[in-house]
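Alright, structures below, take your time with them.
Two complexes come next, and they have one chain in common, chain A, joined by chain B in the first and chain C in the second.
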Partner chain A sequence: MPVLDVRNLVLWYRTRKGPVHAVDDISFALEPGQTIALVGESGSGKTSTANAILRLLPKNVSRFEGEVRFDGQDVMEYDDETFRKTVRWRGISMVFQGAMNALNPTIRVGAQVAEPLMVHYDVDREEAADQAVEALRKVGLSADIVRRYPHELSGGMKQRVIIAMSLILKPKVVILDEPTSALDVMTQTNIINLLKDLKNAEGLSYIFITHDLGLASELADLVGIVYAGQLVEVGPSEGVFVRPKHPYTGKLLASVPRLRSEEAPDFIPGAPPDLTDPPPGCRFHLRCPVSFEKCGWSAAEFVEQVRLLQIAEETKNKLPAIAEMTVKGDLNLLIKPQPNGTAADFAERLNSLIAGNKEVYRFLKSVESVHPRTKSVEVKLHEGTPPPLFGEEWKASCWLLAGGGA
Partner chain B sequence: MLGFLILVALLVPLFAPYSVVQAWNDPSAWTNNPKLAAPEWSEIFAGKKLPRTILLPYNGETGGFTKARVVVDEAGQTYVTVVLRSSFSFQADAFPSEIALYMTTVFGNQSGTQIRMFWDRPDGEEINLFDATPTVRAPFENTFSLTTPAIKGDPAYSVYANIRNWLIRKNITTQTEWDQLYPSRGGIYDSPPKAEVLLMAQLNHNMLDPYSAQVLKGTYAFRIEFQGFARTDDANARAVIYGRVYGIAGTDGSRRDLLVALLWGAPVALAFGLAGALASVLIQTILGAISGWYGGVIDEFLQRAADFYLIIPTLPILILLGILYRPSIYGILFVLVIFGLVGATTKVVRSIVLSVKEEQFIEAAKSYGASRGRILFRYILPRVMPYTFALIALNVPAFIFLEASLSFLGLGDPQLPTWGHIIGDAYSNDALFASRAFPSGLWWWVSFPAAGIIFTTVAFALLGYAFDKVLNPRLREQ
Partner chain C sequence: MTASVADAPAPADASPPSAKVIEVEGLKKYFDIGRGLFRGSVHLKAIDDVSFSIARGETMAVVGESGSGKTTLGRTLIRLLEPTGGKLLYDGQDITHTKEKELRWLRRKAQMIPQDPYSSVNAAFPVYRILEEPLIIHKEGDHAQRESAVMKALQSVKLNPPEFFANKYPHMLSGGQRQRVAIARALMLNPEFILADEPVSMLDASVRISILRLLRQIQHQFGIAFLYITHDLATAKHFSDRIGIMYAGKLAEEGPVGAVLGEPLHPYTQALMNAIPDPDPANRLTVRHALPGEPPMLISPPTGCHFHPRCPIAQIGLCDVKDPEWRELRPNHHVACHLAT
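Moving on, here comes the complex of A and B:
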């Protein structure tokens, strides 16, 4: 039985522009002793996922639902007080992003490490202090630092203190939210080795949130690739990192710079989508090098892409002269040619443009049909839907995998 | 500076015990001091030797009056004669401010009991200053002011007539000139002659003008003859020749030693300022932190309450309460704290808390399940405390000033001699106006307590700035 089973987790934030779909239907399961790495760009919803699991929510939550099964119990059913007393830190603890700031600057390290104990159990000061020393020894710190204040410690020491604090109540699951992001590479390696040792010694399960693919492959058994609030690929790390199924995973792996490599690192064009208004269909289709008609282009996106072609130097002469483009619904649009050309002529030029360039400009693949009307050309697009997770050994949400292809 | 103040505050009780302060408003405790005397060291600036107060104590005390008592029985009548004498050497360059004689008398019911008082001058002159009948029995004192008798009915009022007769007899003046110099109606002078000048000046025409009269230095003597008619009748006397300078800080219009009040002002101001600032700033800090941390309705309520408190004019309310109830210094402190439950500090602390509560270690505390109260007291308040200390230091002067202004208006604690109280007294006695007798005004009465207030407030302001430097490391560099 998985120690943590997250099903259809949704977390939206309310903003003036509308809800931000920070976590949009994320599911994964974690067996005891396993580590799952959640990998993705900044703002993709990794930390929100962690916060949603621990229910550390800001005030502006507009939608928060799904199931979080911890040890078989759906802890989403618990009220806040029960959750605080039974789940937080006792069941699931967390190592915060930016260890520098996660320690109370006015409390000595020993008291800080013992703080969760004092909060959750009725232990006296001395016993708490003893346990704090014990916990600090486990993470490789000497007992004499209990009298120090956080500002007297180095970054790596602080990170170890935070880890000691997260382990002091002996939780089953530890969420590591970019535990090494502010540390130098040598210290990173030390911390990762420490985390591995602790995992083996204590039988911990980790949720390891990072954007560093190298560290993820080092520590994780499972990898979940997060894009725009969704898991686009989840599977064993040896599989996902070696033979990525989802085009986004592939691009992400290719973007990692390598030492002593002739190849320049690849990059993904465009920017992550605005999560207040996520793209229809597959959320990656706008930046995807292999997108096609099923990926879910909308008429508005089509118009936007045509405009980009109009201004780009290498394409602006290929396009027939367009006077006006009007969006008619999600999948239909009207293109009005310049007065010097007829509609039929324009439709023919458009069709030939599509036929000649659709492998380069993938959005052209979404055109289902072009109908000349009296003064304009009606363009109809293929309908697309969000892809479900496909796959046997591990899963990825891409239509290319629908027929076992790619 | 603060260290000096605290030292003063701690040592004052050794110099002047609290009983001295309790006697502050009791005039009888201060009768031996001159009125409106400048500090002794001010004669350095005057350039001449100013008279100190000379005490001639009762017979029986060292240096006191000598007494000779004779009882004669004659034809069934008892005659008791007491002769009291005392002399003093006067070497100052200015006249004393007053001369007063105090007598205790024991006498029967028979009328005719009489006191005759003679004044012997170094030039051999003797003047019978007054003849009087004692009115008060021992142990209380008959008071005879030789220089400023209270009313015409006062036996000492005849001093003027006796001096006039003496001067006419000596051909120093004439009745006509005397009447021109000191016009009187019905025997009451519009502006009486200065007896202390006439009694102690060199015998020439200049002595009629107190500002050009020269002091006759030498040995003066009192001679008092008491005549009684009962076997038990007796008399004793003491005299005070009041000087023009006194002590380190001078005296006020009620003869009180200002040094006592000045020194006692330090612990009172420190205690009042610190207690007020500590109580109100700490309460405001905690309420401000609660406001920022819990937010919502509590925040709204506390902030609106703070707005309301900020527009309440505290001083007028205190003046009103002062007029209605004459509160003690504890009462004033209580009212100030009540009117300072919420206020500017609440708002400052709330804004600090709003930024502190977004910090990661607060989120960490939430995540390991610390309760809201625990986070407030263990995480947020310690972060706010350094600012609070600076605010306390900067608030102390405000409280000292408030107490001083209330006391100045005469609405402070009526019992305690605070600095503001002294300045208020000085102001109501026109201490700031120069007169012919006091060309620089009564400067010592105003400037020392004012200096005390300034010294204390500056000390706390500097302490506040020091805190500021600790809290704003950018200032430390310069």
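Moving on, here comes the complex of A and C:
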């Protein structure tokens, strides 16, 4: 039985621009002793997923739902007090990003490590102190560290203290949010080695949040690739790192500059979408090198892409001049050519542009039909829908995988 | 963009240009960090006896951990800081202690790209004004010439169409686009040398590579020499010609990228390479070899080789006593280690 089973988790934030779809239907399961790395660019929703699991929510939450099964219990049903007493820190703890700089500078390290014990289990001071020494020993720090203040410690030592705090209540799951992001390379390696040791010695399950695929591969049994609030691929690391199924995972892996390969890193064109207004269909289709009819192009996106073609150096003369483009619903638009061109002529040029260039400018594939009217050309687009996750043990949400292919 | 802007007047003696843009020899920069009543004056040796050169049109990367002195090195090279000792030559001309007033030509020939694209440009100016400003300060060209230079610079950094971006304000641009504006600004005065101090560390992973590629293109297109300062050995490998590894205020090793990373001679370089994982599912099954300890404090560095307390092959009686010499152990490939062979 999985120690943690997250199903259809949703967390939206309310803002003046509308709801931010930070976590939008994320599901994964974690067996005891297993580690999942959640990898994605900044703003993709990795940390929000962790916060949603631990129910650490800001005030502006507009939607929060789904199931979080911990040890077989749906803990989303618990009230806040029960959740705090039985799940958070006791069952699932977290190493927050930058936490080593949030240690209290006026309290000795030992007392800070012991604090959760006194709050949660009402242990007496001596017992708590003993356990703090034991927890610090486990993370490779000597007993005399309990009497030191945070400013007396190096960055690597402070991060070890934070890890000791996350382990002191003996949780089954530890969430690690960029646990090495502020550390130097060598210190980072020492911390990762410590996390590997602890995982094996204590049978811990980690949720390892990082933007660094190399680091992810240091700990991950499972990899989850997060894009625009969704898990686009999740599977065993032997698979995902080697033969990625989702085009985004492939592009992400190709963008990593590698020390042990001469292959030049490539970049991903465009930028991640605005999560107050996520793109229709597959959220990656605008940046995808292999997108096609079904991926969910909207008329508004089509108009935007045609404008880009008109200003780009290599394509600006491929279409006759346009007077106006009007969006008529999600899948229909009207293009009005300049008075010196006819609609029939424009339609013909558009059709030949599509035929000759749709493999390069993938949005052209979305055109279902082109009809010349009297003064303008009506363009109708294929209907697309968001792809579900295809696969069992190893899932990816891409229409190219429909029908069990790839 | 070469045509529109008049060439900068050559420095005092118009001797033929040297093959090296920058040469440093035994460069030192110490910071005086106060005189305690009982302890005399205390120095922080941010750069201590560093020697290397950068040829025209080449990119040299300086890689080091935080506090290794790499940022101070960059700032000293373009004389934002005055060296404490050693020699700094620009184009063969000694500028180690030249007065700021006499460095106006350097302010034109050597430019920098800042780390943080969010705070390095004036938020109240549109892109056009941000790019025009260096020309106004250096009294370059008339209005029309300046305009054409701005548009060409925007094209060089792939902000197309230039008229569209010229009227934008910084807050309307993404991080990657702002960094392109900062690069365009550095290009306005036709520099020979650009200092890029962690130019992509604030950007998203997917955008980083496109900016580094752009810098590489600009280097080739305009023949500009770059000093790329970074903590990221992997990007240094893919985007530079030569690489210097810095540790505790000194260069540990320096040479062509292929040589330094193909056959690292210094134990620190070897350890650094071991510590960095490429994405590989086999990584989780092994423990990565890493050095114990942390880099030393620069106010009280270890005696002898600064690296000896962490070095896996250090010899007591040698490495902890004697400063290692800066040796050219392979052609063009220098190392500071007693034991490297």
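Note that in this section the second predicted complex is superposed on the first by the 395 of 406 C-alpha atoms of A that agree within 3 Å, B and C clash if a C-alpha of one lies under 4 Å from a C-alpha of the other, contacts with A are read in each partner's own complex, and residues count from 1 in each chain.
Note that contacts are C-beta pairs under 8 Å (C-beta built on N, C-alpha and C of every residue); 3 or more make two chains touch, one makes a residue touch a chain.
What you are looking at is a predicted structure, and each value in this text was computed from that prediction instead of being measured.
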Query = Superposed on chain A, are chain B and chain C clashing or fitting side by side?
reply = fit
Key: Partner chain(s) touched by A:Asn190 [first = chain B, second = chain C, both, neither]   = second
Message = By the touch definition at the top of the document, which applies to A:Pro105: first (chain B), second (chain C), both, or neither?
response = first
Request  = Examine A:Ser261 and indicate which partner it touches, taking first as chain B and second as chain C; both and neither are also allowed.
outcome  = second
Task = Using the touch criterion from the header, give the chain among chain B and chain C with more contacted residues in chain A.
result = C
Query = Who does A:Leu252 touch here: chain B (first), chain C (second), both, or neither?
reply = second
Inquiry  = Contact-wise, after the overlay, does A:Arg84 reach chain B, chain C, both or neither (first, second, both, neither)?
reply    = first
Message = With both complexes overlaid on chain A, does A:Met94 touch chain B (first), chain C (second), both or neither?
response = first
Inquiry  = Contact-wise, after the overlay, does A:Leu215 reach chain B, chain C, both or neither (first, second, both, neither)?
reply    = second
Ask   = Which partner does A:Met165 reach: the first (chain B), the second (chain C), both, or neither?
value = first
Note = In the superposed arrangement the C-alpha centres of chain B and chain C open, at the centre of chain A, an angle in degrees to the nearest 10 of 70
Inquiry  = Nearest approach of chain B to chain C by C-alpha atoms in the superposition, in Å, rounded to an integer.
reply    = 10
Residues of chain A that lie at the interface with chain B and also at the interface with chain C = none
Ask   = Which positions of chain A touch chain B when the two form their complex?
value = 54, 56, 84-85, 88-90, 93-94, 96-98, 101-107, 115-116, 119-120, 162, 165, 169
Complex contacts: residues of chain C adjacent to chain A = 65-66, 160-161, 164, 174, 176, 204-210, 213, 231-235, 237-239, 261, 271-273, 275-281, 283-284, 287-288, 290-292, 294-295
Chain A-facing residues of chain B, complex = 359-361, 363-371, 374, 378-379, 382-383
Remark   = Seen from chain A, its contact residues with chain C in the complex are 35, 41-42, 154-156, 184-190, 192-193, 196-197, 211-221, 236-238, 241-242, 251-253, 255-261, 264-269, 271-272, 311-313
